[in-house]
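Next, two complexes with chain A in common: one pairs it with chain B, the other with chain C.
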Partner chain A sequence: MSWTRIAAMTRKEVLQIGRDPRSLLIILVIPLVQLFIFGYAVNLDVKHVPLCIYDRDGTQTSQDLLKHFQATDYFDVVRVSDNYPDVVRNIDHGVCSVAVVVPPQLAESLHSSGQASVQAILDASDSNTASIGMGYAQAIVQSYSAEIQISWQQKQGLAAGAPIVTFQPRTWFNEDLESMANFVPGVVAMVMAVVGAFLTSLTIAREWERGTMEQLISTPVGKLEIQIGKLLPYFVIGITDTAICAGAAVWWFGVPFRGSWMVLFACSMLFLIVVLSLGYFISVTAKSQLGACQMALLVTFLPTFLLSGFIFPIDQMPVVVQWITAVLPARYYVSILRNVFLKGAAVRLLVGDISALAASAVVLVLLATRSFQKRLG
Partner chain B sequence: MRIRESIERIRQMLKKEFIQTLRDPHTRWFLFGPALIQMVVFGYAATMEIKHVSLAVLDQDNTQESRELISRFSASPYFRIEKYVTERDDLREGIDRGDFLLAVEIDSGFAQRLRNDQGASVQVIVDSSNSNTALVALGYLNQVGASFAHAYQIDRMRRIAPQLVSFAPQVDLEARPWFNEGLRSEWYFVPGVLGNLMLILIMNLTAFAVVREREIGTLEQVMVTPIRRWEFILGKTIPFFLIGSFDAVLLALVGTLWFGVPLRGHIAVLAIGVMVFQLAALGLGLLLSTMAKTQQQSMITAFFFTMPMTSLSGFGTPISSMPLFFQKLSYFNPLRHVVLILRSIFLKGVGLDVLWPNMLVMAAFALLTLSVSILRFRKSLE
Partner chain C sequence: MNQTATSVVVENLTKRFGDFVAVDDVTFEARQGEIFGFLGPNGSGKSTTIRILCGLLRPSSGHATVAGIDVARNPEAVRQHIGYMSQKFSLYNDLRVAENLQFFAGMYSVPKNEIPARIAWALHMAGLDGRAQNPTSALAVGWKQRLALGCAVLHRPPIVFLDEPTSGVDPVSRRQFWDLIHNMVGEGVTVFVTTHYMDEAEYCNRLVLLDRGRIVAIGTPTELKSRYMKGQLLLIECEPLGPTLELLQTAPGVLDAAVFGSGIHAVVADAASMAPKLRELLSRKFRPGRIEQIAPSLEDVFVSLTAARATGKEVAA
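For the complex of A and B:
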């Protein structure tokens, strides 16, 4: 091990990165773009569901009921139909996701038998919006039903109590239920995984492909020195990206930060070691930039996006998929970040996640070091 | 005569491309393996449904009423009672540790207040570090509360005035989810995953296409041959188009046979939609390829485009919840259109009469990117 040789290796890599300022700029801008999109554009809350109404009753009662649908911002009434084929067409063409059809004689059957039902047609090709929209519609009809029941009871001379059970929820950790606070850890993890594994996956493959590997092999530099020297610049880029992400999240988007910056950066470095080694390992095995890139995509971008618990909650996945997420370092990192940002949790609550991350770091560093042989062919 | 020569040159170029792409067993596997694995795993993983919210209960009232309320939680398919605790501190500690998502605390005097018609309130703590799950859980909570209240009221009426019970007016909602009757989220996500995988595969392959030759230095060799530029571009893109088509068929088969997603529309419309989308993705990839000097640059730029395209495609989050500006912006995103087309053909079974505007946008996108990249390619060589 010689520090001079490592420094020389690093210098070469830095020069190479510096020759391509466009890529460097993009790498530093990507986290901001992602944060911007998740901060301003993407929203998991289902609101303003486009609604079509078709009132076949046309009485005061049916109008009252439909007013309840118009009054919330869960639904936007985009069409008022006056025949059934029109309703079907609106759903087919995606003009509306939900159609509420009031049957004829709603008022009359309520009056005579006390029972009536309203139909809701849902475009369930988007099952998420459909099931949430169904919940909203159900709640609206339920509250309407409760209202008329109470006024009926009062008319009958039965004392009607107030709504009798109310839940008083207190939301902890993310009091305003901001989805941004929910996304930030995921965005940070995604950016780090990509910058780490994605970029490094090309460094060794590039040398093989361009034929400069032979030159590198003929120098006295050792394989561990190559590894450290090559990864160091990317480590710095990764940490810079983390700082940009976290800083923008806290100071621009107002995401609460309750834990310690120390823990954040220590864990981020650990995670960077994981992804850098992973990228290095891929790079050594793939030998072509195309292959390395495809492999890096396979193991970083989509898994971090879909399997880390960033958007889709892990405990709701099928058990087999939950096992798969257990070997995904990003999962632990996302969990740590969420704790550090929102819960400000003490380190003792993070021991499990941190040790899982450390274990994967050890495995991957070993794998990366052993995989590279300093010889041709 | 000239056309025949042209075809012959393209044929030779294709031969070279196929040999180059399929020579390496690694690459051969990369063309199909990852997409298949991802399709299966992500088909299962991507679910927005929140079933079984974990819950802890502290019952300090211990009456028939409080137990009735708790039994409504245990009977609900949406909740799973993780723990019955006896100490308040256990609730807080468990929420901190993340053992459960929801802590329900019924104070003593709950039943008494109900009987006196005073209305009883129940304290609930929700771990909202995942704001979406928390919101959904709060919705379920209110449903349990409403159904408990309703049952309690009917029960009381039965005691005071049994003859009136059946006349109490009541309106129900009869929900009919069309196209996906079981509200299965795989049916919703699988077509979207297909679109995303196609984008990533094709864009990455093409983004590498030209720049690879340039980086290795073989582009000059190709250029001294009599091949024309547009022939070269065709020779570069046709293989990826074919590989993409093969992958699309494979993924569609996994979707229908493995996940049981119905194909209700016409298969020809599906084929047209996927092919037009492939052209759009090819065009974008090619454009990036002509603008880049190295493969790394090309790949980073491709990634720079892929992430926002995925986020703004309506694949995971509803477009109708985005601010108006981004809704408009997403019209320029071919991925948004293909996700909609795939869902509509698979689940709704609609045809070209509904989907033609989306097809048109994708076709325009393909035309624009492809022609710009041919022009740029010309320039970049001179």
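For the complex of A and C:
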């Protein structure tokens, strides 16, 4: 191993990256775009559900009930209807996703029988929003009926009868239940997978395609020297991108950071070794730039996006798919990121994830080193 | 330096790609300090042979040593002793001239304190003085080839392999390139060069003529011309060329006939007696111009050897 040869290789690679607008674009723009897309645009929190109300009763009681809908952030009253066809039209045209219809004689039947019902119509073409909206509506109606019960009990001279069992939730780690706090740490993994594997997937393929490889392998440079020299600049780029994304997550998006920066960077380096080796392996195998970058997207971007638990929770996946995710290094890294950011987990709690990541690093480094031969054909 | 030492020994070398035999049982030796030429058409196995000698391809059978090292067993050790310039231009177009030289100086582990002097030497040799900071992509082909040679010999290798170094280069640049080769040989370097330019073959100390993977002749240019021609050569100028050629190919006493430039070269046993006979034959139909004996060129030798192989005739060597 000669450090001067590695240094010469690294220097050449840096010069080439600096002169290739495509690479610069990937290094600088992709992390920012991903950060902002996942930080702002992708939002799984359901709030401000558009609501249409149709009050057929028109009494003080019905107005009281509807005020509860107006008072919450979860619903925005966008239409007040005075006939059924109008309600149906609003749902059909997507003006609102939920319509609440108060039946005539609501107040009267409450007085006479102590019972009444309220109708909710839901647009379930987006099942997620519909089921969450239904939950909200249910909760509002229940709390309203509890209020009525209490006021009756008071009127009848009973001591302020509090509800018998109350529910006291405490959300840990992501106190405001913001999906952004869940995503943004995962974005770090996405950026590294894409930048790391995508950029390096071109590095060897480019030399074969341009014919420079034949000259290069006729020199005494060792294959390990080529590998290290070529990957070193991408390693630095990857770490820098990690720092930028993690920094933006904490100081721009306000994601809590409770763990240790040291653990974060140590694990990030491990993951970088994984993705860089993967990109290198692809580059050696593909021999053409187009094939290599398509392959890199296929094996990094898609699995990291879909199967790493970044957006879709792994424990909600079918069992077979869960097994598949077990061989996906990004899964362990995403888990480490969440634990370090939100839980501030101690290293001993991360041992499982870290060992899985280290094992994949060893396998991929060996694969990358073995795959490259200083021979033609 | 020992002028008689052999620097490359090749014995029964064969390379197959599937069913295709690219190099077929090739044996030769090259001595230190000579220009050893590989002459042959495209696909004759020149590049494959050179790539095996550089350790870039593994031979299917037979063996080869370069600077005393077995290329199949120890390709890495061979690479310390050689410079190689591949057929396709293979420097980095997105680097500057000096950056390419700097990079290869690093790859060949040229000692750090010698690098500036070696780069200055290579720039001067390539005629690129003052252009060190030019982008490589903007250089003309002739300059690129000389820069590539400069990169390949930065570490002063004793053996240099050049695979069609002058293809696509203008005649003046070709001439300059050959001056560089002669200078290196003057310093005791062994130069292997493949070419399909016959005029360049004349510059070689020794030549191997390859055709479809096999050696058809080996020797100095002079030896090849005297030993491998199976008769004497007549230059015949007569229009139109096509019908004249047809007539000559079936004429008694004509061993072989082929078009060369604006005339026809005919191989005959005795030029002096055949010239008047052929003039008489041609005069019946056409109006022949010059018909005279000429010294054979390497191209004549090559055409007659490969034609013999193609038609299955044995070469009387």
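Brief remarks follow.
The working rule: the second predicted complex is superposed on the first by the 326 of 377 C-alpha atoms of A that agree within 3 Å, B and C clash if a C-alpha of one lies under 4 Å from a C-alpha of the other, contacts with A are read in each partner's own complex, and residues count from 1 in each chain.
The definition used in the following text is that a contact is a pair of C-beta atoms (placed from the backbone, for glycine too) under 8 Å apart; a residue touches a chain by one contact, two chains touch by 3 or more.
Here the structure is a predicted model, which means the values were calculated and not measured.
Shared-chain residue A:Val319: touches no atom of chain B or chain C. Legend: residue contacts after superposition of the two complexes on their common chain; A:Met1 is shown touching neither chain B nor chain C. Look at A:Thr219: by the touch rule set out above, it reaches chain C but stays clear of chain B. When both complexes are overlaid on chain A, the residue A:Arg11 reaches chain C alone and has no touch with chain B. Taking chain B and chain C in turn and counting the residues of chain A each one touches, the greater count comes from B. Of the two partner chains, both chain B and chain C are touched by A:Arg210. Look at A:Asp20: by the touch rule set out above, it reaches both chain B and chain C.
Chain A uses residues 20, 210 to touch chain B in one structure and chain C in the other.
Looking at the complex, you find that chain A touches chain C at residues 2, 4-5, 7-9, 11-12, 15-16, 19-20, 210-222, 374-377.
Only residues 17, 51, 54-58, 75-76, 79-80, 82, 84-86, 88-95, 99, 102-109, 112, 148, 151-152 of chain C touch chain A when the two sit together in their complex. Here chain B touches chain A in the complex through residues 24, 26-27, 30, 34, 37-38, 41-42, 44-52, 54, 69, 95-98, 114, 117, 119-136, 138-139, 141-143, 145-146, 148-150, 152-153, 157, 160-161, 164, 166-181, 183-185, 187-188, 196, 200, 204-205, 208, 212, 215-216, 293-297, 299-301, 303-304, 306-308, 310-312, 316-318, 320-323, 326, 340, 343-344, 346-348, 350, 354, going by the rule given at the top. Note for the complex: chain A touches chain B at residues 20, 22-23, 26-27, 29-30, 33-34, 37-38, 40-50, 65, 91-94, 97, 106, 110-111, 114-132, 134-135, 137-139, 141-146, 148-149, 152-153, 156, 158-159, 161-175, 177-179, 181-182, 190, 194, 198-199, 202, 206, 209-210, 286-291, 293-295, 297-298, 301-302, 305-307, 311-313, 315-318, 320-321, 324-325, 338-339, 342-343, 345, 349.
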